[in-house]
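The structures considered in this document are given below.
One chain, chain A, appears in both complexes that follow, with chain B as partner in the first and chain C in the second.
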Partner chain A sequence: MKKKISFPQMGNYYIVAKYLFEHILDAEIMTPPKITSKTIEIGSKHSPDFVCTPFKYTLGTMIESLEKGANVLFQAGGGCRYGYYSELQEEILKELGYEFTYINFVSEGENDLKKIYHYLKQIDPHFKIRKGLYYLFIASKMVKYMDKIDDYIRLNIGFEIKKNSFQNLNQKMLKEFSKARGYFHLRRIYHQYKKKFRKIEIQKPKHPLKVGIIGELYTVMEPFSNYYLEIEMARYGIEIKRYTNVHYLLFEKGKKIKKYLKYAREYIHYKMGSDAADNIARTKYLCEQKYDGIIHIKSSFCTPEIGAMPIINKICKEYDMPIIFFSFDSSTSEVGIKTRCEAFYDMIEMRKKHERLLSRN
Partner chain B sequence: MKDCYLGIDIGSISTKGVIIDDHQKIIKSLYIWTEGNPKEATKRLITKLKESLEANYVIKGVGTTGSARKLIGLMLDACVVKNEITAHAIGTLSRYPSVRTILEIGGQDSKMILLNRGIITDYSMNTLCAAGTGSFLSSQAKRLGIDIQDFGKLALQSNNPVKIAARCTVFAESDLIHKAQVGYQKKDIIAGLCKSIVLNYLNNVGKGKKIVGPIVFQGGVSKNEGVVKYFEEVLKQKIIVDPDSHLMGALGIAILAKNNKRKQAYHLDLQEVSFDTVGMECNQCPNNCEILKIYKNKKLIDAWGSRCGREFTK
Partner chain C sequence: MDKIKIGIPRSMYYYYYKDLWINLLKQLGFEIIISPKTNKQIMNLGNQYAYDEMCLSLKNYIGHVAYLQGKCDYILVPRIDNFGSDNQTCTNFLATFDIIHNLFEENLLNYNIDYNHHETELKGFIHLLKPFGISKKEIVTTYLEVKEKIKVQQKNEVRTNLKKLNSLNIKILIVGHPYNVYDDYIGKPIIKILKQLQTEIIYSNLFNPKIAQEESKKISKTLYWKYSKEIIGCIPRIIGKIDGIIFLSTFPCGLDSLVNELAIRKLKLPTLNLVIDDMDSLTGFETRLESFVDVVRERKKQKNEEKN
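After this line comes the complex of A and B, so read on.
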């Protein structure tokens, strides 16, 4: 039987995953179905009630993939209790009667390259390690480029003159990325599009409002699960800063976490699992950089972030920094979020005007 | 001719309208029930307000707030459409410039706004449950067979309020029935309800917030003397309740409409304009977004609810 591989969705990163597996494995790679309300409906139906929302989203995507004929599933856990989720998801899917091979790249928060090699050999006996490493290198560069462009988009999308010009160009770029013939080709595409992005007309005031978004990684990175909060906020005319992205998680976190702990040592001494410690340090950084506000988002029942919230609150009180917390669940009311966002914008704008008046006098 | 400005606060339970003059003084105000139909309520409200308004006034700005602000804003072509939190803060600041904490309990929601030197510094809103809001109180009043207007007065007569588990509306109700069946006096139960609302509000909305005076209490529930009394008892501070405390949101949005630069005369002849909404499911993708189409004079003017930005033409 021909192998058909699928994996959970998160943001636009499915493009990288698909690119990588397509080049190193002799198997059909399926583009995982887009996340819709149906996904979360199916996911919630088969998940434990009090599990965090990313679990439900990823489970929903995997069920939809299986329904579409996938027979190999890739999943990667994280550093919180999500590390064990993968095993639970496998059990749930098996109990539902699906037949598939399940491969978890990151179990118990550790990724073991040797293990991964064996897994890949199982799927494709002709898998070659040199080729694998080469495309892994390209994929890592692709992630880096995507995240760099994303950072630029976040800073400017609120000020675009023609609506959707940033998003449309981004989609075009991602399409070309997925057709890259090699590293140098990829780099060329990136530099081409970087220029194109800089040419998009924007109307930006000299000192725009600046807001930092921190929080639990999946909810932060998958726009569907946070009700497109990032872009909603940007549309008010705000520069958005976000630290968490795949490049950070894969390549920077290991190095930076020690620096973070040292930087925020008066608030935290140990890692708290997932990105909790990182977010605490970032809160302090955003406060010291005189941002206008912070938005903290997480899925409901996210334990590490719940632990971090009181500390974040304390830092914000000390620095007199406006902060708002959002907790997303499968049944969150969209209107409530919009009202709070609008009020948050009003609040930071009022404060900024007031500060300017004070500094002028 | 004198200029005046209309502010409308369309809440879940009641619709409030306020007309102010150039000095932010309320010239006309009205408080009616929404009855689940914000469009009709607004029509009634505007007709009545216009009848009572003297002929030498011209409405130069319209603002809407409250949960139906977007719909009514579109219907009236309002120049300002703003959320309740900002509107309440602006309204209260116009009367109490030094206010530090605003407690607001309305029909379906409750919020707390913290201010410093006339600037909002923090706010919170109830998230999931309507326990301890006006609609809960009025449904319990009905169950006990009392008029909601007498609720506060009855509560004041009691000296030892009954303890009621008010974490959740459903639990509170069963606890209340239990207390009544056991034989507690009605006034003690009512006082207990008022107290439970205060405690629930402070534990839920006011969690982790530092409450500093002067404190202003507003929203429909602020008309309930019992709740005011227990707020003062628990917070050990004086609570200011404005005579227009139920109109603060409408006043705030009227002020915002006044400060708006776009000034045009509004005629608001709503009887001649047809305004319809049609709800449908999109069915183009598995998202099945609920789309609400808005027709003004049988012409589509807007469609809400699409996540992908699909355009609707018919």
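After this line comes the complex of A and C, so read on.
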């Protein structure tokens, strides 16, 4: 039986994962089905009651890909209870009667390279470590380029003249990325598209509203799980700044966390699990950079972020900074979120106008 | 000179370290103030200061700290990160200090346990107590002395707990974190109901932790939380001797939501998953516990008849 691999989905990063596994393993790689409201419905049906929402999303995606014929599933993670998802998910799926191999890249809550090598060898006996490392390098660069472009898009998408021009071009770029022949080819594509993105016409005022988005990593990065909140906000004509992305989590977090702790020393002394300490330091940074507002996103029951919330709130009070907290669950209503977004936008816009009037006098 | 007063909140960490703290600090010449047993007033204080999404145990802790406000010179709030990378703790255990630090303006005493970064318990105490003018030698000797004493005490507790397994009554194992099971607001009412139903209660945390750690692998291979391992690890060894298991957790406990679910799926005994959010009314719990005990009792009867 030919092996068909699938994995949980998060944002556009499935392209990178697919690219990587396609090149290093002799197996069919399945694009995980797109997350819909049905995915989350299936996921929450089989999940424990008060587990955090990413568990439900990933479980839903896994069930959907198993239905479509996948027989090898990948899961990875670490940090908080994300590292422990896999064992329970495997148990749930086996009880549902699916037959598959479940590959769990996690040991003791951290990703372990030796174990990963061992597993990959199991799937494909011809797996070569040198080839694996080369494509891993390309994949890491791809993540970096994607995140850089994403940052640019977030700053400008609210001011585009032709609707959807940014998103369409991004889709085109990702398609080309997935066909890259090697590192230099990938780099060439990136630079080409960087120029193209710069050429997209925008109409940006001199001092636009600026909003920073912080929060729990999965809900921030998977647009479906936050009901496309980022784009929704940007459409009001707002510059969006977001720090959490895969490149940050994989390559920068280790270095930056010490700086962050030093920077926010009056509020926190230690790491608080997952991204909580990072978010607190970012809150202070956003306040000092005179942003117009902060949006905090998390899935419900995310313990580290709940711990961070009182501290974030305290900082915002000290700097007189508007902040809004969103907690997403499978049953959150989309209309409610839109209303709250609108109200938040109205409020920060009014504040800005008021400030301008004051400074003119 | 008056003795320095150190306040200890009777919640979370207290149930793991009470003997160590009380003995050590008393011998080194501090006065200790422990907050009273949890009652309605403390819970209300907790709800007032805490965020509504926090778990009940953390709200409880915050309530105890709020009670101690202004009643002592320092409040002891440790931070426990890990005991090696396969012995981590709940996220709340690493965040509590910073949360308390931001919510209250009291003087806090803090030590950090982080074995991955070579921060051991003894080192923590030395850092903590040196500023009070106590010599390193004195701290180390008292610490070791107290540790030795606690070991003997723990052995006795384990022995009495094991003796209960020979009882002829219905034996029910309570799996839950000690700070929930022994708390007067969260766990004690449940235990009281169970005792009224004439059952023998066996506590999951009163077993040899080293053996429990090893045995927990039979239930979950990748589990990496120290405290979860220790309470779940006793199950494989005593499963033949008990009649039912009650999983006691607070809403929304991050670890228990996953670990208990996995254990319930793997065990073939009557289990009850009690998630506690509010203890204002006990009627619901009474009904559930009664029916559970009935099921267990019937099952035992049938088994005995089959044997005869």
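Of note:
Criterion: the second predicted complex is superposed on the first by the 359 of 361 C-alpha atoms of A that agree within 3 Å, B and C clash if a C-alpha of one lies under 4 Å from a C-alpha of the other, contacts with A are read in each partner's own complex, and residues count from 1 in each chain.
Following the convention adopted for this analysis, a contact is a pair of C-beta atoms (placed from the backbone, for glycine too) under 8 Å apart; a residue touches a chain by one contact, two chains touch by 3 or more.
Just so it is clear, the model here is predicted, and its values are computed rather than measured.
Once chain A is used to superpose the two complexes, chain B occupies space next to chain C without a clash. In the superposed model, more residues of chain A are touched by C than by the other of chain B and chain C. Using the contact criterion defined above for the overlaid structures, shared-chain residue A:37 touches chain B, although it does not reach chain C.
Of the two partner chains placed around the shared chain by superposition, neither chain B nor chain C is touched by A:60. Looking at the shared chain after the overlay, A:8 reaches neither chain B nor chain C. In the superposition on chain A, A:274 contacts chain C only, with no contact to chain B.
Computed from Cα centres after superposition, the angle at chain A between chain B and chain C reads 80 degrees (steps of 10).
Minimum Cα separation between chain B and chain C in the superposed model: 8 Å. Put simply, chain A uses residues 327 to touch chain B in one complex and chain C in the other.
Only residues 67, 82-86, 117-123, 125, 127, 208, 285-289, 307, 309 of chain B touch chain A when the two sit together in their complex.
For chain A in complex with chain B, the residues that touch the partner chain are 34, 36-39, 164, 228, 313, 320, 322, 327, 335-336, 339-340, 342-343, 346-347, 350-351, 354. Residues of chain A that touch chain C in their complex: 48-52, 80-81, 83-88, 91-92, 95, 104, 106-110, 267-274, 276, 300-301, 303-304, 306-311, 314, 327. Within the complex formed with chain A, the residues of chain C that make contact are 51, 53-55, 79, 81, 85-86, 88, 90-92, 94-99, 101-103, 110, 112, 220-225, 251-255, 257-259, 261-262, 265-266, 275.
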